[in-house]
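Quick one: the structure is below, questions incoming.
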Amino acid sequence: MGLKEYMNDIVEAVVTTAKGMRITARYGVDPKEEVTLQYPEERWEIPEGYRGFLHNDVKKCTACTMCVKVCPVDCISLESVRGADKKMVLASYDINIGRCMYCGLCVEVCPPKSLKHTSGYEMASAARGELILHFIAEDAAEIKARVARQVAEAAAKAAEAAKTAEAAKTADLSAVAAKPPVVEPKAAKEEEKKPE
Amino acid sequence: MEAQAIFDTLQGKFGDAVVELQGEGFSPAFVVVAPAAVKEVSRFLKEDPDLSFDSLMCLSGVDYKEKFAVAYHLHSLKHRHAIGLKAMLPRENPSLPSVDDVWPAANFHEREAFDLFGIVFEGSKDLRRILLPEDWEGHPLRKDYKYPDFYHGIKV
Amino acid sequence: MTARTDALPTQEMTINMGPQHPSTHGVLRVILTTDGEVVTRAVPDVGYLHRGLEKIGERVTYAQFMPFTDRLDYLAAMNCNCAWAWAVEKLAKIEVPERAEYLRVIVCELNRISSHLIAFGSYTADMGAFTPFLYAIRERERVNDLFEMICGNRLTYNYARVGGVSGDAPPGFLEKTKEFLDYFEPKLDEYNNLISYNKIFVHRLANVAVIPAEEAVAYGLTGPNLRGSGVPFDLRKDEPYSVYPKFDFKVCVGTGERGKLGDCFDRYMVRINEMRESVKIVRQAVAQIPDGPVLAKVPRVFKPPVGEVYFRSECPRGETGIYLISDGSVNPYRLKIRTGSFVTMNLFEKVTRGLMIADIVAVIGSFDIILPEIDR
Amino acid sequence: MEAAALSLMNAVPLLAGVPLWAVTLLLIVAAAAVILVFALTFEGVGSLVLRKVAGDIQARIGPNRVGPNGILQFLADGVKLVLKEDIIPANADRLLFKLAPYFVFVGSFAAFVVVPFGVGLIAADLNIGIYYVMAVTSLVVIGVLLAGWASNNKWALLGGMRAAAQIVSYEIPVGMALIPAVLIAGSLSLQDIVRSQGGLLGIFGWNLFHNPFTFFSFFLYFTAAQAETNQTPFDLPEAESELVSGYNVEYSGIRFGLFFLAEFGDMFIVAALATACFLGGWNVPFFHVGTLPWIWGNLLSLGVFLAKAFTMVLIMMWVRWTLPRLRVDQLMRMSWKYLVPLTFVNLLGVSLWLLVFKGKGIPGMIASLFG
């Protein structure tokens, strides 16, 4: 190493250090450069399509189970029974947000658009059970029983109506027309057992 | 060089060791070779000036239910062409020669295939489990793999 | 004085570097055998983050695997998303609307910028200068803001879909992207002044872990690590996919400007320069983006034809190759993901021989590895 | 101290019956307490300022939760460190492990004794002042080495070895860079050195501007001293990204706190020496503080001295948050190939200058030209 290189080394070290220090000094004295967001007091604007916690509008939900099928981590579980008007009635709709990875696939496939991402992102809990969101407060068994009752009532009513109608027409065919009323809710329940 | 041409060249050179060309539905096309000939074929593919497949992009084990396979994806920086090389192995004691002295890149891939499929690469410089713990039982990417219930007394 | 090795027997020391260590970029474990400060052997031990993504892939549908690709390389989730989408589209021969391809390119390049920013920032932090790291994070936050706008998440985007993207760019997105680019481009010069050409920094990087071009090719290095050795190979240029051929950009290669070709400094500079090229690509894409739909018609129960494809795409950490075997069912039959970091680790033992402990950190940083990509 | 005790006894009639040695001892203890309080306060506030400076430079805010604008953060940190569990690793050498932090702390604290805070504010105006500082700060290296060894941790051992190599190497350039000031003053006493920079030349009376060689000498000293305090471009013994945390990796609680305080103590010592030897110490430009009443003179000089020293500390922090870290071999090369030869050349230059120009500096010569 010649003397020239030796001196060059020193000069280069000093010059590059000075360059860097000029930049850090500029940031150091310029208060406008501070970018920290004082989080609990200040919040950033959440954009339109933000994927926060999931929320299901159970009134709109048709219990089609698309969301359950598409979820890659199986964090959605729902139970439903077939109601008196042949539509599915939700018995329970739970989302385990401790498992959810906020991918948004379920929201995309939801046919009635009842499942939505909210803008919520803050939650803490000491127990894992608290991370399961229950969208139907009522107990699933109660709903099922109630729906079964309604179905039975409706079926009975239908049978009644059919009976009177039949009775008015001909007496021999009346027994055949009334369908067994208990079959349908049972079948529906079995169908819902499949997704976890 | 097109896949067919490469296949013809290989067949001309190695004869029966080169079994078939998987062209339709395969991208890139695969030249299926006998497992024992993998190393010679590889060396030829790398060193032949018209082929000069200088880089091994990927080496993967595959479980075709009745057979295992090792698939090599080769690419040539010089000629900018690519080809696949595949060796079919029996399910029992699958083993074939290692190619890590042809392409050093093969080592980690081979270790992975050994780890997850249990395919033994003979003559490999360093064939140990890579992703799983050393005392793991079984090879998880096999189609008949049974998940263990416990690992060192911890529920899996 | 003559050395009296027989009088004072010395032995080598084995040190565990990791899995918990500030500069192994995750849960990498390196078993160092050292003679004082000099490392005689450094054996990488990977696998601490193995989640069995390939096995998961065999059990979920093609669409369901998309969120898992976010976890492949969380610093460049967009690139992994798009790589998966492109691979499946190649398998099923799906035509993607042009606007969707443009959007993909925009987000991929933005993600490349943000990923390289982390590479740059964490590298300088590894070298002891903590300030540039925070500057890099500050810029990255802006990219994350953009991503949050377009897809709703800041880290795991799940934006691409088989056949397009999940949603069109919201109003104002393209303008904000331009704004970001205008803000970001001058920052690169600032980084260069602040740290890149700092004498100490250059000395830490130059001539460390030199990888000659032939070795880089033989070991299958890709991406910036390969280009750092002076091999001008970039899949976006040489095996073009998507709409990349429409853009004018340069393939950055190492020049050996401060030492031997293929040293840590070259790999570092390639990344810095690539950010500039990405800015260029995004600018062009934003200017040229056509109108139209962003999602092709893909059947809900998607069953690709039987076949095998290998799709390579240029991710920030090298080539992400997806080897996909379909048996015609809704789930992939076999899925192998070849990632840049995994292949790079293969070379680690070879290049670190004879370096010092501090250089090990420099090498890990210059390879810009990320552990979820290695362990999958 | 004895002289001070005597004068105190003369001044206060109450003390007439008390033996001299008792008053002296009392004074010594009192002085030590004052310095300890000062050192601890500085070290606490220093850590806060360090973090605030880091925040400003890094486009952040820095600590701002404890107290108004975060100014009580250091107290919170201190309380936390004291209350934390003090863990001693199972296989550590318990005695040495416990001893090491005290070595380090004493090494840095003892140097405060000769720091000339003001005209009369010096705990002990030793006639070997600089030599004493160099000697006691070397105690730090023993502590660091002990800490590294006793932790029974390989990273800590590496940190300790690095620290030993580094501090021993940089002792030489530090000493050589300070000698010009000694030569000019003709004394090793820091008070004498400060007094030699007084006079009517204002800031041009400082050794910094005495001649070109002393000018360089200052920067050489500053660079080498950064290394001695393990500040960032030279923080290899800690090197958090390589050695995790170096020699103090196994320490926790108050023992870690002592290392932490010692680090800031070292910073102040370096800044104080630079101030005293090159920046005129407590001298107020164009003004002779000795002419003021004792109390005002001392207060003014104390203020001036601290202002200068804190500015130096700030610059050290600024450097710390800008530069990356050197590698071990580069660190050694920097000392032996650059700093040591340069300081020697510099010393030669200063000596020749003093010989040729009869001890006069450039500003002095210019001043004498104009009468």
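As written, the chains take the letters A, B, C and D, and residue 1 is the first residue of each chain.
The working rule: a contact is a pair of C-beta atoms (placed from the backbone, for glycine too) under 8 Å apart; a residue touches a chain by one contact, two chains touch by 3 or more.
Please read all numbers here as calculations on a predicted model, not as lab measurements.
**Student:** Between subunit A and subunit D, how many steps is the shortest route if every step has to go to a touching chain?
**Tutor:** Minimum step count, subunit A to subunit D: 1.
**Student:** Which chain maximises the distance between its CA centroid and that of subunit D?
**Tutor:** B
**Student:** Subunit A to subunit C: how many Å between their CA centres?
**Tutor:** Averaging C-alpha atoms per chain gives centres 32 Å apart.
**Student:** Return the distance between the CA-based centres of subunit B and subunit D, expressed in whole Å.
**Tutor:** Spacing between the chain centres: roughly 64 Å.
**Student:** Could you please state the distance in Å, as a whole number, between where the Cα atoms of subunit A are centred and where those of subunit B are centred?
**Tutor:** Result: the chain centres lie 42 Å from each other.
**Student:** So which stretches of subunit A touch two or more other chains?
**Tutor:** 9, 17, 20, 23-24, 35
**Student:** By the touch rule stated above, which residues of subunit D touch at least two different other chains?
**Tutor:** In subunit D, the residues touching two or more other chains are 57-60, 321-323.
**Student:** Considering every pair of chains, which are in touch?
**Tutor:** Result of the pairwise touch check is A-C, A-D, B-C, C-D.
**Student:** Show me the residue ranges of subunit C that touch subunit D in the complex, using the header's touch definition.
**Tutor:** These residues of subunit C touch subunit D: 13, 15, 21-23, 36-37, 124-131, 134-135, 138, 194-195, 198, 200-201, 203-204, 356-359, 361.
**Student:** Name, in rising order, each residue of subunit D that touches subunit A in their complex.
**Tutor:** It is residues 53, 55-61, 318-319, 321-323, 338 of subunit D that touch subunit A.
**Student:** Give every residue of subunit C touching subunit B within the complex, in rising order.
**Tutor:** The touching residues are 46-47, 50, 52, 54-55, 90, 217-220, 231, 233, 238-239, 305-310, 312, 319, 321, 323, 325, 334, 336, 338, 342-343, 345-347, 350, 375-376.
**Student:** How about subunit C: which of its residues touch subunit A in the complex?
**Tutor:** It comes out as residues 60, 63-68, 70, 131, 138, 141, 145, 148-153, 156, 158, 166-167, 170, 190, 193-195, 197-200, 300.
**Student:** Could you pull out which subunit A residues touch subunit C in their complex?
**Tutor:** Of all residues in subunit A, those touching subunit C are 9, 12-13, 16-17, 19-20, 23-24, 35, 44, 47-51, 70-72, 101-105, 108-109, 117.
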